Each structure stands twice: as structure tokens, then as C-alpha cells.
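These are the structures, in C-alpha cells.
Here chain A shows up in two complexes: once beside chain B, once beside chain C.
Our next item is the complex of A and B:
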């Protein structure tokens, strides 16, 4: 039933004959799939996806974010509590962000983070029993793009999680074609938040609306929309 | 649950865009969002959508004792409910300050404008009057609840019909709907609220603010007005000081908005009445458009059919010559049973009609053989790996060792190959039938 990859499944459906790993004979199942004794049952409505050789998951429409270790998200700083910041990431619980986990931060040299700022950070700890913890550094201690984002500029909006995955998938043409017509900065968090900064307010609004509108479009429709918008940009300038 | 906090970035952007006369949803400052009014199957229920804000109103009536101060007046009771469904930050049960404010504002708008003729609700003076209750539930919150709630409340009052009553001497008869047509309430006029949000100490104003704009704004003014340009309520909240000009300008805008909206309500009521009279379909379920595609779609791809047609026609011809007995596929008539509204089933189920092509069967057989040799190494550590073996059936795990070769054949695979061999005989004629159907 390997050719069922890419088709719609509903909760309660069972899936058989998935590809197993040649070495271990195991299957890795992701979100939306559940093992009930010997069978695999679908627990979310959506499309079955497959990654070689043996990874399967269901791609569904969802707005609620569940923290995953290693994912990069856009969080909102809600409070300073001693040596950590409390960050809202849209999950069930607020995440913590230590002030030492910024590039170049020391006990004396504190990073400049205010309440209400947006931070782009990565999950260091994310499991169901512990408070999620964020860092703004990679393994080598570099910021690599993370940190406080867009102070006094840009705009942040939310969209569904599957749109985020769509934007970030390598095959998606949205950002490339949208970037052909005009210049803008964008930061996409896996928690459904997108920060955008265009050259003007109108540009920013237009890009934000184009991204939200692209949720149910295919590649050709996205290209058509982007070319239409490119005309608009010239008119506005 | 806690509300998503407002970021400085969003706040600055909203202020900046308002200063440039732009809004995030593409509206002009004085534009309202698109309103949609739908009535339910029962009289006295109505749903109003104002952009993403969605409000549901329901009217109910009962016979009650009048207030001693007003013995010949009916009672109008207005209740506005904010549930966590609308916005996770609203608490269930307990009414927040914001809820109380909205509730009071709506109540004042409806009651003190005397839009409903309460005297006509009297049955016997001092003893029995109709008590009308309007329940407004906020289903989704995207700013400007009060406008949507006032539209819903007044539309639903105009839509409602109460049972007819006759009084003869001391005997009061309430006629059921089947017996006598219910009577409408007498709605004199339609007070509607229009909300203005102010930014930068009243320098900029926008009509019909969204949730984000409401969070950022300095203050707001709500004007309750009817289409006769009579102001029914006026409320200013927040820390702003407004000039006389500004209030006047707002009331002029409100006049336009209220006239538009009143027309829309009348149109919606007329539509509903016509559909009811003509016996058409109405209600919330009918108002939902189902022609919308919201899931993934696949575009049709072109297939070269030239060869296939020749092959098919050849097969059909040969099939007709050989005079094979007719297949079950053709005989079976698909009968649609409607079990209940919205539920249907086609046919009665039964044995599978799917057949396997000859070529495919052969291919699968070779595959099976190939697998047999391949699984040799994979099955060695099988007993220990049962946890991860999710796709396997329990049958498949029973392995048979054949001779010195150590060939491992799973039972099911063997059964499959046997079945295929027996089936190949009748596969050919069924194939012909299939093409004929096409």
C-alpha cells in the first residue's frame, strides 16, 4: 500500500504494508499515526507522507503548536524572570530562554531584550514532562540568524502550521517567486508565526496577505498570483 | 487560557499603517467588513458574520408576571455571552469586565431606544405579559463584537414570531403554532451600533476595528443609531479626549453605515420570508457553501489513449466472439438507499469485484520470489524485532524453513501466489468486460 502515500486518510483508517527499514525492520511513524498493538491507525485527517526509507506521517491542517526539539520558532517575550525570559511560542506552556544563551552574552554583558520583543529561537528542550527551553545559539555558539527580530520594524502574523511547512518545503515556489518582484525580509517560525518586513507598509501588507492566501494554491496559481502582485508593486512605487 | 501577547512590532506596525490610511486587511479607514446575516430554520435564530467575527442570537419567549412598576408592559431581557470558543482568553461562566460592558451596552441600545413595543406584549394587565429573552452568543472573536451583536439582536427580534393569544373573560388561550399562525413582534425601528477606534489621541480613526486594531487603539466610541438618524446610545471608552467636530464627523459616518446595514437586514429578512413562502430550503445548513475546495487537489494529466483504444476494441471484439457468460459487474445494479438525511449507501457491499491482471500477477510472483531470497537476511533477527515490525501481520511472522537452502517463505506470500495461479484463468474474460463498460 505504498502507493497510498499522497492520498487522504481519515481518523480510524488502518494502514498496512508500509516500507520497513532493511537493517532494523522497523517503521518510524510521525504525527497523525498511532500504533495499536499490531496495526497502524490514522489519528488525524490528512495526507499520508513518506520519507525514504521508512518514515511516515500525516500532513494535516492544524493551528495549535506542539514544541519539538530542534525546531526554530518565533516567540514573544512576555516577562523577565531573574536570569531567564519567559517566551510565548503558542504552545500549551510558555518556554524559557536563558539570557546566557545569546551570542556573546556573559553574566556582565546581558543581551538587550525587552518585554514584547520577538525572538527567533530554537528548542533545546521540548518534551511533554518538562518546561520547554529555547536558545538563540547554534552548537558552535554563533547566533546563525537567531536572536531578537524586527524591533521597530516589520509585522508579525500567524497562519496554520501546514502553511508554514508548505512555505519551507524545498519544492515550494512561493518565496522565490514573491522575491522576484520585490525585496522583503522574512522569518518563518515553525509555530505558525511569520515576520515580514517590506520596503513600505503597503509592501509588507501585500506580502503578508499573499502568504496567507497561498495556503490552498498550487504552484501555477502561486506563480500567477506573484506575477499579478509584481505588477502591483510597480504601480504603487 | 492566556491570550497571545501583543508584540511591540505589531503595535508599531498597526500605528504606522493607520497613519498611512492603510489597514492590514486591505480596507480603507471608513470601510466596514463584509457582513453576512443568516437565519435558522426555526423562527428567532440568526447568525451574523462580520469578517471573521461571528455571533449567534436566539430569541425565546414565555408568559411571566409583569414588573409592579409597569403592569402593562412586556419584558425584554438581553443577555450576551462570551465563551472560550470565541477567544481562549474568555473564561466560561464568569462574565469579565469586557463582557459586562458589552452586555450593558447592548441592553441599553435595545431597551432604552424602545425599539420593541413592549405594550403589545401585555396579555392581561398586572397579571400576565410576554417575557422576551434575547441570547447573544459570540462564536468567534475578531474584534468589534458589539456591532455584530447589535445587528444579530435586532435582526433576530424582527425575525421572531410569538404564539398567538386570545383572552376571553378570565380565560387565556395560547394557541400552538399548528393551530394559529404565530405573530411577529412589533419592532418600531432598528438601533444599530457602529464602533470607531481612535489612534494617536484621536488623530486617526477607523471604523469597525479588528481584534488587532482593538488591542492597539487608544480608545473607542460606539454610536447606536437607527436609520432615522436618531442616536440611541453613545459611549466613549479609553483615554482619549475628542473634539466636537470629531463626534459630529463620526455620527455622520454612522448615519451612512446604519442605513446600509438596515437595508441589508431588510434584504435578509425579505429573502428569508420569500424562501419560506415558496417552500424552498433555508436555515444555517443551506447557507454554507460547499463548492469550496479547501483540501489538496490534483490537476488532471493527459494520457495517450491511441494505443489503449485499439487494444480495448480488439479485446472487446474477441470477447464478443468467444461468447463468455456475462460478468457479475454488468448485472449488478447500484441501488442508492437513503438511510437518513445526509447519509446514503450505495449497494449492499459483498464480495470484492476487483480482479488482478495477468501481467501483474506474474510480476507479483516474480517479486515474491525476489523477496524470498532477499528476506533471508532480514528475517534472521525477526523474533527479537517484533516491536518495530509494525506492517507485518501476525501470520507473516510464522516462517517455514525449507531444507538446507534456508529459504524462508512466509505463509501468506505462498497463499497469495497459489491464489493468483488459480485466478489467472478467469482474469482474461473479466478484463474484456471491464473495457466494454468503459
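Our next item is the complex of A and C:
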């Protein structure tokens, strides 16, 4: 039923009349929903979302990150342990990152990674029973933007996971409008961490504040904020 | 039923979520003048000696308003922890810990109920996976056999018995009972049915609070 979608559900609620796929007669359920024999029960508080034809999930507001396979995250290298680096990604345990999982790395040619570096990496293994494992390569062995970022420059801060999903969603205008009058580098990890490097420290702080402030804004409010910032920006320069 | 109980509804409730910035979820709950603040951290790293291979370890720390926690506080802590373990889907996060801090701010009666309700709100705020919600309702039995819901501390003192029930949100089954004083089986059942009816108000309050929070974004 359509009227379920967009309403708030709390843990323990059951959902009926979900759309099944015409071909297979199945329903695909995502985060926040679980199946108990024939019924679908909500396990996280949030808003029910639907994607045609038969995909459902709960959009919940969470601060703590739980690793998910395939997601790209920003982590901090905390230790070197033999063949692997330990990386703090904000989950319940530290992830491992093999030194061979960088583009062009061989046993002889080790990547230049130090303790304290920020790495942008993708989860190769992430499930509840195993230690999470990161890689800095895509399937073809290319770095595609991943690896150590911003040594001795830039600024990393954390925000809620919802805000991350919001700024990464295709319909979000925040980064486009912010980038109009202002040049900066940005890396956004699904674990709630954002790294920014602007032309000056003032720029960087401004962009960071703008992103944090955008959490509860709609498109028009974001545009208004960005145009205000653009004026301010020239004065500072 | 409402004829037999002198106060047939609960005191006014109000809550504020995410008041604290460091924890993963927090809630301040007022039930009348009684106020409790709860914070949830987790799922996080766990000490090796407390690690459980098949589920998350739940820790509850109860902080009294002043002084150090004694025996009563420790037993209260355990009641809150057991309730919390019942509702959390802790098997989703094995080898991790969920840590809760419950801070008493003001005790004007029905403190345990307020603690459990604020814990539930803090868990909701943190977005942890749960089986269901819980609502705690406190009532007192006076010497004439009448039931007061959600008693104040004065009413608690002059009572024959004080009973706290915790109900789940799905079947409204009893999850936990804490009782002090003398009562018969009939009186106990009467208290239970009055409290069960009142628990619906608390579940409604949870939904309202969460809707307010989630519709903001």
C-alpha cells in the first residue's frame, strides 16, 4: 500500500500489504526491516521508504556507524601491524587495511602510509561476525580516488549519517551550489566523516560550517545560504 | 475501571532528544516533576573479559542525584539492564558493547518507571535495532484498595503497595514487574489491568516524540 510510505514506524510495528514483484512474487527489504515467518517487522525507528517495484527500507537517524560491505569511508590509521594497517572508521572495532591493497603496491614497493594518516577506502569485508577489511582499490585494481588523502592539509569533521546520505544523494544541491563561487576539495565517507581542503583556512571552516548547517534545510534554504556565503566570501578575500 | 482508580491517567510527559552531543543517543524525560536523563553509547568496543561471542554486552550505569550508588541503586540498575536486554536485538552486534547511562535528575515519585521510559527513548534516539518498545507504568495501592497511577513521592509514602509494570508494545505483555508492599492476587491483577491501559498513552507519546524528531529532516 502506498500510504505506508513516508510515515514514521517504530520498532515492533508490523507492515502489511507491501508491493510484491510481479515476476518473482518477492519483496526486498533493506535496513531497519526484518522478516519473522510471514510478517515484516520494523526494527529501527524511522521513515518507511520505497523504491519501485518492490524495495523497502527504513530511513533512520543514527550517529553510530555500522560497517557495510562496499561502502566508502574515511578512516584514520592508528597502527601498523605487520602486513596490515589498523584503521579507525568509527565502528565498533577497528578495520584492517592490507598494504598490498593500494594501486601499484607490491611486496617491494610499499605504499607510503603513516600512523595518523587519513585514508579513503572501501569495505571489502563487513559483516557482524568478522573483522572489517578495507581496500583502496576498485575491482580493476585502480585507486579511483581512494588512498591516503590530505596529509598535512585539510580538515576532517564528523556529522550525522543522515546528513552524509543527504549530501551524497543525486538530488542534493548543496555541493554544487557551494562549489559555484568557491573552490575546495572534499571527500565524504559514509561513516559520517567529511574531509575538506579550501584555498584558505577561513574557506575550509566556512565550507565545514555550511555543511553542518545544511542538515535540516531544504533546497531553497541551501541555495539562500550559499548565496549569502558567496557574498561573505569575496569580503574575506 | 477509571472509577476505581483515583487518578486514571498519567502525569504530563515531556521529552527532549539528542540533548547531549557526545553519546550516540540521549533523552531527557519528564514525567510530572520526576526527571531522568539517559544516554546510549554503542555498539562500541568491548572489554575482552565482558565479550560475548553471540551478542552485544549491555551495560547500564545508574547515577543517583547525589552520592554514590548503593544497594537499591544497583538493584534498580539491574532491572533496567534486564529490560534493555529484552528489547535490544543484541545478536545483530556480537562482540560489541552497548553502554547506557541513566542519570536521576529529580525524584518526585515513579522513578523506576521514568528511568525505563527514558532509556527506551534514548535507544530510539540512537537508532539501535530493537524487537519492540517498552513502557513502564507505576501505580500505588492505598489502604482502601484504590489504585493511583503514576504516584508522586508523597503518595508512595502513604501506600500499602507500590508496583511498577513494564509492557511491550506488540502484545502488551508484561516484561518486568517490581513490587514493594502487601497486596492480594486480585489487587495485583487490578493494578496490572489499570497500568496496561495506561501504557497505551506512553506508546503514543513515543510515537509523537519520534515523529517530531524525524519529520524535521
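Just so it is clear, the second predicted complex is superposed on the first by the 236 of 237 C-alpha atoms of A that agree within 3 Å, B and C clash if a C-alpha of one lies under 4 Å from a C-alpha of the other, contacts with A are read in each partner's own complex, and residues count from 1 in each chain.
We adopt the following convention: a contact is a pair of C-beta atoms (placed from the backbone, for glycine too) under 8 Å apart; a residue touches a chain by one contact, two chains touch by 3 or more.
Everything quoted here is computed from the prediction, not taken from an experiment.
Of the two partner chains, neither chain B nor chain C is touched by A:106. Contacts of A:127 after superposition: neither chain B nor chain C is touched. Of the two partner chains placed by superposition, only chain C is touched by A:43; chain B is not. In the superposition on chain A, A:76 makes contact with chain B only, not with chain C. In the superposition on chain A, A:8 makes contact with both chain B and chain C. In the superposed pair of complexes, A:216 makes contact with chain B and with chain C alike. Chain A is touched at more residues by one of its partners, and among chain B and chain C that partner is B. Looking at the shared chain after the overlay, A:227 reaches neither chain B nor chain C. By the touch criterion stated above, A:180 is placed in contact with neither chain B nor chain C. In the superposition on chain A, contact of A:29 is made with chain B only, not with chain C. On chain A, the surface touched by chain B in one complex and the surface touched by chain C in the other have residues 8, 47, 216 in common.
Residues of chain B that touch chain A in their complex: 2, 4-13, 16-17, 20, 22, 24-26, 293-297, 299, 378, 381-382, 385, 387-394.
Contact residues on chain A toward chain C in their complex (touch as defined above): 8, 10-12, 32, 43-47, 60-64, 66, 92-93, 128-129, 162, 166, 215-216. Of all residues in chain C, only 24-25, 42-46, 87, 89, 92-97, 124-133, 168-170, 206-207, 210-211, 213-217 touch chain A in the complex they form.
The touching residues of chain A, when paired with chain B in their complex, are 8, 16-20, 22, 24-27, 29, 35, 38-40, 47, 76, 78, 88, 90, 114, 116-118, 149-158, 195, 201-202, 204-205, 208-209, 216, 218.
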